[in-house]
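Presented sequentially are two complexes of chain A, the first with chain B as partner and the second with chain C.
Entry: the complex of A and B
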């Protein structure tokens, strides 16, 4: 048995190995900054060392004296291009070189370009900024924050959801809790550093940059540079980790493009690990207050979730996870409110399950506390509060397999052997604790285009401007074509990550598999229709057969009767060398503008809580065992089990890999990960992987992923629910619950560190 | 990174000669124009970050003296050549048998790849990882004398509670050094003023008013070997390292312990503490408090209290006092229970 390739159950595809695995492990995959380019010049950023104020003077003489220096792009040099825009494809509205105002720590003040990387770095280091400094506001509780309601500040967060009369229900509740939770600042830190490589051929600009959104960037970069989007090409075939960080384009891209134009040479700029903390997006710190009231029978009658999120001064970035937490259980009444807290910080952005990670952490930690307050088993408590319809709009769930996930995970974990008494379980010098939590992620889908060509030789070429961010979308898209066209996967080439391909939506929100596979399915079915028409036409080899009786398999059209025709022969008879289909998929409920918006790089999302007919979510349940040393209190996680249901599983190998990665990240979020801020200066302190800790192999012991079969035709034609962001939701709460079980200490502020258990 | 000259001297005397030509008697090794490089895992990192700025690197890896690369075990003790790699020493059968505390301290450090590159001399001379030291835009008395210390009132979770001063509280992060100081090791060095032996406890300097002065070495002095005297009962020894994750992280607190026991009574204890002090830290008071006592949780706790009696917490690192104590208690009990 091979754990990495789980045997498919009902409604699951084969665990095919990734089509690009060999390229990746043999170093043949060229990531954007690896690509050899002739006559290239290197750029390095100089960034601010203050978080608020103005640059009064920039001393460039020392930098100019560095041998090999070619150019410095700084204030004034970007005046002919437009400022970035915040939202959709843009990380921030701050145009760092458009304005001498410093809005945050690590803001770009110049780009030094030189013949070598070393010379560029040296020159950037020698650029000296003089400032008129102001006292910056770092974060929550710092003097100078401004708090505003989040609702309406983002198109994705229109309102604070509510239902019933919370105040009355809470006042009447027999058992209640009122607690506060917090999550820290986090940076994505993908192993592949951020980079931009830009070159011009005449008026045509090509940018190689790791991107989760090539179409959106093409349009946004063209807008900034005031050129026709048709003149811009973004190329990003391989991405070495993204987690949301490569979704929105940052101001660096246009700056490097301008440098390349000025020099008439390709320019490549790789930001350092340290610089990425200030020049890219991140997950901002959040705070929560949760109140839950229930009857003694365990039925929740009142639920309130208030959230506070830090954002930058200029840009109202919202995650607003209350739309998911407010729909999680059968609450009776719901009250929510989300506030933004503005500080002198760079603009936050998407990071793997942006709303759910912090908000569901708070909810699930509170659910565990509530179960304790009720004297109830935490799994039982969730079972009792399993809803028939979601509590806000009273819509049905398109499918919801949460309880089955709990049952399967609990069984595999051995939950029944848990002694519920706090601190009762021990193994020598180690306190043992067990906990669990729910995972939820909205199932969304967006319009997507794809081109598929089947040749007379039996080869398939699939093109789609989606992005292989490590999820395996290239493989599952190929797999969809393989299944629909009856062609083995090794005959299928899949092209992605290029804005000259048919457009796909941003690879965010776990929509890619659903959106891409739906488009590929459409294109393949159009090919099938043509083939079937030819084969079943009068005089054709399968004349008289109906389409429903036909299948494509092994390079043949096979009829139920047993008769068959080779695809090759059908194509020859049609006198064509290939059939090529261009499909544009639009989800149910799409607006008339949906496809136009796809090409404009601003695709609309459907599903989740947005649809009329039902709400659409994927669910999971995670169980964690922790061990805590009696003396020194370090926390280790010897075991974790997660069971997840997410509609059709295209490929059990890549699905498991995504969920496993999420769970591992969840352990890191629970115990390690945090960006530290020096509150005096509003500056990040631990800006490298030495001090920004994530789990290493030794931290992860026995990890089990259970794929729970689920069929949900309502979500999209492919029947797929996204699961890329499901795995790390809930994990931290499960760890917190296990820590409580072991020690009796309820830790509400992440990460849970040794110092919190020493007192 | 600034341009620099790179040389590969052929032997120790050539290396010393070049070093003394490009440095003065007053130069600190870490601030001199010419600096030695061995594995480069610490120095090259700090050069890239602009923290170290030598304009001449003298690579020690080609030095022809073979003793630099050897581990010699005799009845008098063990002698590690300066260029022996951490990984080799950690895996050495006799080191593991006779001095588990040394093998553990190396095995639990860094990663397999780094241990294969890093030399033992480089390891003991590794510089602090203080975040404010590593990033040149902060004030740091160690990097720029007199500029101030951003860590003192800043985010100082990993900083030292022992041996600090008003000028600097940077932790000494090395692990190996704790085993060496506990076992009374001696460092052999050669410079333009000849060869000498330095007791390990005298090698590192507490920051005081001059945190930029880190060791007793002159800028042209090369460490050639590290000698550990024979301590037969050091078979009962271990290194306990407590950190935020299971591997590949520096210690929040650590303890190197070796015990000479008569039944459960302590004849002699050797104790050093890591992760909590500005220099490799021998806990003399703790050792004394155990002498002649039965080792149990109570006496171990008393020793731990003695070890941290002088500790000075800052805003974010106060937990290290409690953690350091518990680490020591656990290390003492685990050492007592070793089958040696």
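Entry: the complex of A and C
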């Protein structure tokens, strides 16, 4: 079997190819800006060239003179609709055309609509804004920032976790470190551009837009437009990469919808790559101070993690990763505090492993420093501090296979061959370094609905309003139905990405596979129950059999006794052409309103650190080899090994691909990714893919993913932990650890670049 | 390209600069869209007049009436209805729009449609045979899970075919180097390399 399709181990599903693979390699997968629409008009955005102040005048004459120009939507034109709201479904509360205040650079000032894309672009660039400009505050250390506590500012970040008496324990510790770390601004940069296509049929609005949250957007867009959510449909059958960027809806969507209404024809606006930096969300830059105290035996007695994060003036977006870092090891005492630093910037948002990527980077870099301070092997140091219960609430972990991940990854990597002395490993002109770090991501699950129909011909139609962002959720949902209904995957059609389907939660926080598969499982089991009841009824072909003795396989109900009945015959005997079941899954501990909130587009999350009985996390261990040229300081990562345990693996192929992609993201975060900010103008400088560096093919060589078997029935009925975000947590710290091993230089500010190694 | 025009404050206008350094014909499309122009550009109306352009795409003839500023990418997507070719940056920086022009890989966002008059263009829609059999490179991408979201995939596949035909797929290192113009943000890179190795020999004969 080749590397892309790992052989399933215990509690793992088959590496079936993606059900939509053929569409994707033939150009037939239609992303939202691909869908052909008659009589379409094209929109182009004009955006602000200042970050703070007011628009005093907008000169539109030149733009209006462009042949083919149809309309310009700007100030005053959005007055009859409500402003956006900041939250899970909305990226920001800034209604850019609701008032003339400029909150950040690149804020929308108008939308030009024309007969052609070229005319729309031309007109948009002829729109002239005049400003009353104020000096903007760019980021940390810029004059004019305001710092506020983060706790309670977000429903996902309720408190600064703590345990025991940190101050006393730290004062008494025999070995201690006190260090500061930072991570830069990062933009998701999915390769699909952000776009909105809107059209009205009477009072019914349809929006084609790449979305990780069609139900949430339907409700939020309807609220803004003051219409019934039943009159809004969001369509997003394929999404060209998301990584969090397509979770919350941005103000553009309502603006394009209004333009389409005014014109009485469909309008499509594809945002340019450059404009996306200011009109979408991003990963906020963060700073960290970490203090760790330990005894000489390596047992940690004191851990403190303070974080600072940039956000916009109006919206308190919280990164807040201390909930995970504060529970990672057996610390003894814990102190955490997170602060928001407000600046004149667009509102940040979720980006792959939103809290954990920056916070665990800081923690794991500090753990490596602590191991050095103790003179201890970094793997051994983590082994010593492996907790029996999490240190904050003293709850057990529902499952925790971290040490097994370390053992398997270390073995595959050849960690035993590492000479721990700094700079001891060389290969010609290359300094070789080896490092490792822990990956952690909370396992959450949310309510989800699904509809499954089994026909007398043996076909299955599965409908669920989740989102195929590349994770393979369409495939694994189909696999779950295949397994439960005994129908081959090629007889199953899976429909997703449409708000007219049964609602699913936002495809974020690594919850989709768990939530969707749990709902599909419920629907399939309801079909089984009906089939079994008919087959085992008096006079039925399996009369007398009990349900637990029955299985569905190959289009038959098979009893333990060996007797069987064709599903087709059972359905015929029932005098039906199909059985269709609509399932509404609500996780254990769900509130009475849980399903109502699902339909309202505000699903509640369970799991992670929120449950009473246990805390739920997926874990992994990553090992990297870096090579640093002793003359030029060029940094390469020729080898990376990650071992991960995440409960039931639905499909080893799609799981490995997601983890691999995450690890490569981690390498990018370690060495490349950073949005540079011009502090004078609070403006992003490198707003394209030439200057915003991401890994390319030549950056990646030998990469190995190990799927570690794990069984965890406590997390959700499907037994699945998410892993789309696990892979890029910890990677950057493993790279920093390896760079230190090679050079003796401890780089605490990401990304690690040549210039930091020259001094 | 999205920079609001009001930003240019560096004295020398873009128009004057362009006019002074390149031929008027080459600069014209840019001139027409710049607002700093000190005087109206006389040639403007002509620029926007549609030009009938004949393209041969996937062995089919197309006659398209196009704004002269239309990129080959937008002509394929918005005028020929072939949306398999993707727009990822419109700046020649991501590779998602890669097509084959006369057998060589080209970034269709950096090529005006009118420059391709009479040329043979191959897009992802033209790779499978008429009976539905996939091109070996398409099949290899499925076999090795060489994509996740699938958005960069048409460009990766066309680029991979171009890479093989250029003779730049003889080693894994070569493939990595010569496929680095195609960004995969999902980062399926090791799988893309494996797919190209699988399809290389069959592609040479295709």
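Here, the second predicted complex is superposed on the first by the 759 of 759 C-alpha atoms of A that agree within 3 Å, B and C clash if a C-alpha of one lies under 4 Å from a C-alpha of the other, contacts with A are read in each partner's own complex, and residues count from 1 in each chain.
The rule we apply is simple: contacts are C-beta pairs under 8 Å (C-beta built on N, C-alpha and C of every residue); 3 or more make two chains touch, one makes a residue touch a chain.
This structure is a prediction, so every number in the text was calculated from the model and none was measured.
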{"item": "Chain B versus chain C as contact partner of A:690, first or second or both or neither", "value": "both"}
{"item": "Partner chain(s) touched by A:758 [first = chain B, second = chain C, both, neither]", "value": "first"}
{"item": "Touched partner set for A:49, first chain B, second chain C, both or neither", "value": "both"}
{"item": "Touched partner set for A:698, first chain B, second chain C, both or neither", "value": "both"}
{"item": "Chain B versus chain C as contact partner of A:676, first or second or both or neither", "value": "first"}
{"item": "First (chain B), second (chain C), both or neither touched by A:633", "value": "first"}
{"item": "First, second, both or neither for A:3, with chain B first and chain C second", "value": "second"}
{"item": "Residue contacts on chain A - larger count, chain B or chain C", "value": "C"}
{"item": "Touching partner for A:592 - first (chain B), second (chain C), both, neither", "value": "neither"}
{"item": "Touched partner set for A:125, first chain B, second chain C, both or neither", "value": "both"}
{"item": "Footprint overlap on chain A, comparing chain B with chain C", "value": "49, 118, 121-122, 125, 274, 688, 690, 695-699"}
{"item": "Chain A-facing residues of chain C, complex", "value": "1-7, 32-35, 45, 48, 67, 69-70, 74, 77-78, 81-91, 93-94, 96, 123-125, 127-128, 134, 138-139, 141-154, 157, 175-177, 179-194"}
{"item": "Residues of chain B that touch chain A when the two form their complex", "value": "1-3, 50, 129, 131-132, 134-135, 137, 150, 153-155, 157-158, 242-249, 252-253, 319, 322-323, 326-327, 329-330"}
{"item": "In the complex, chain A residues that touch chain C", "value": "2-5, 17-18, 20-31, 33-36, 45-49, 62, 67-68, 109, 116-119, 121-122, 124-130, 188-193, 238-243, 270, 272-275, 468-472, 653-654, 656-658, 660-661, 664-665, 688-690, 694-701, 703"}
{"item": "In the complex, chain A residues that touch chain B", "value": "49, 118, 121-122, 125, 274, 429, 629, 631-634, 636, 671-672, 676-678, 680, 685-688, 690-691, 693, 695-699, 753-755, 758-759"}
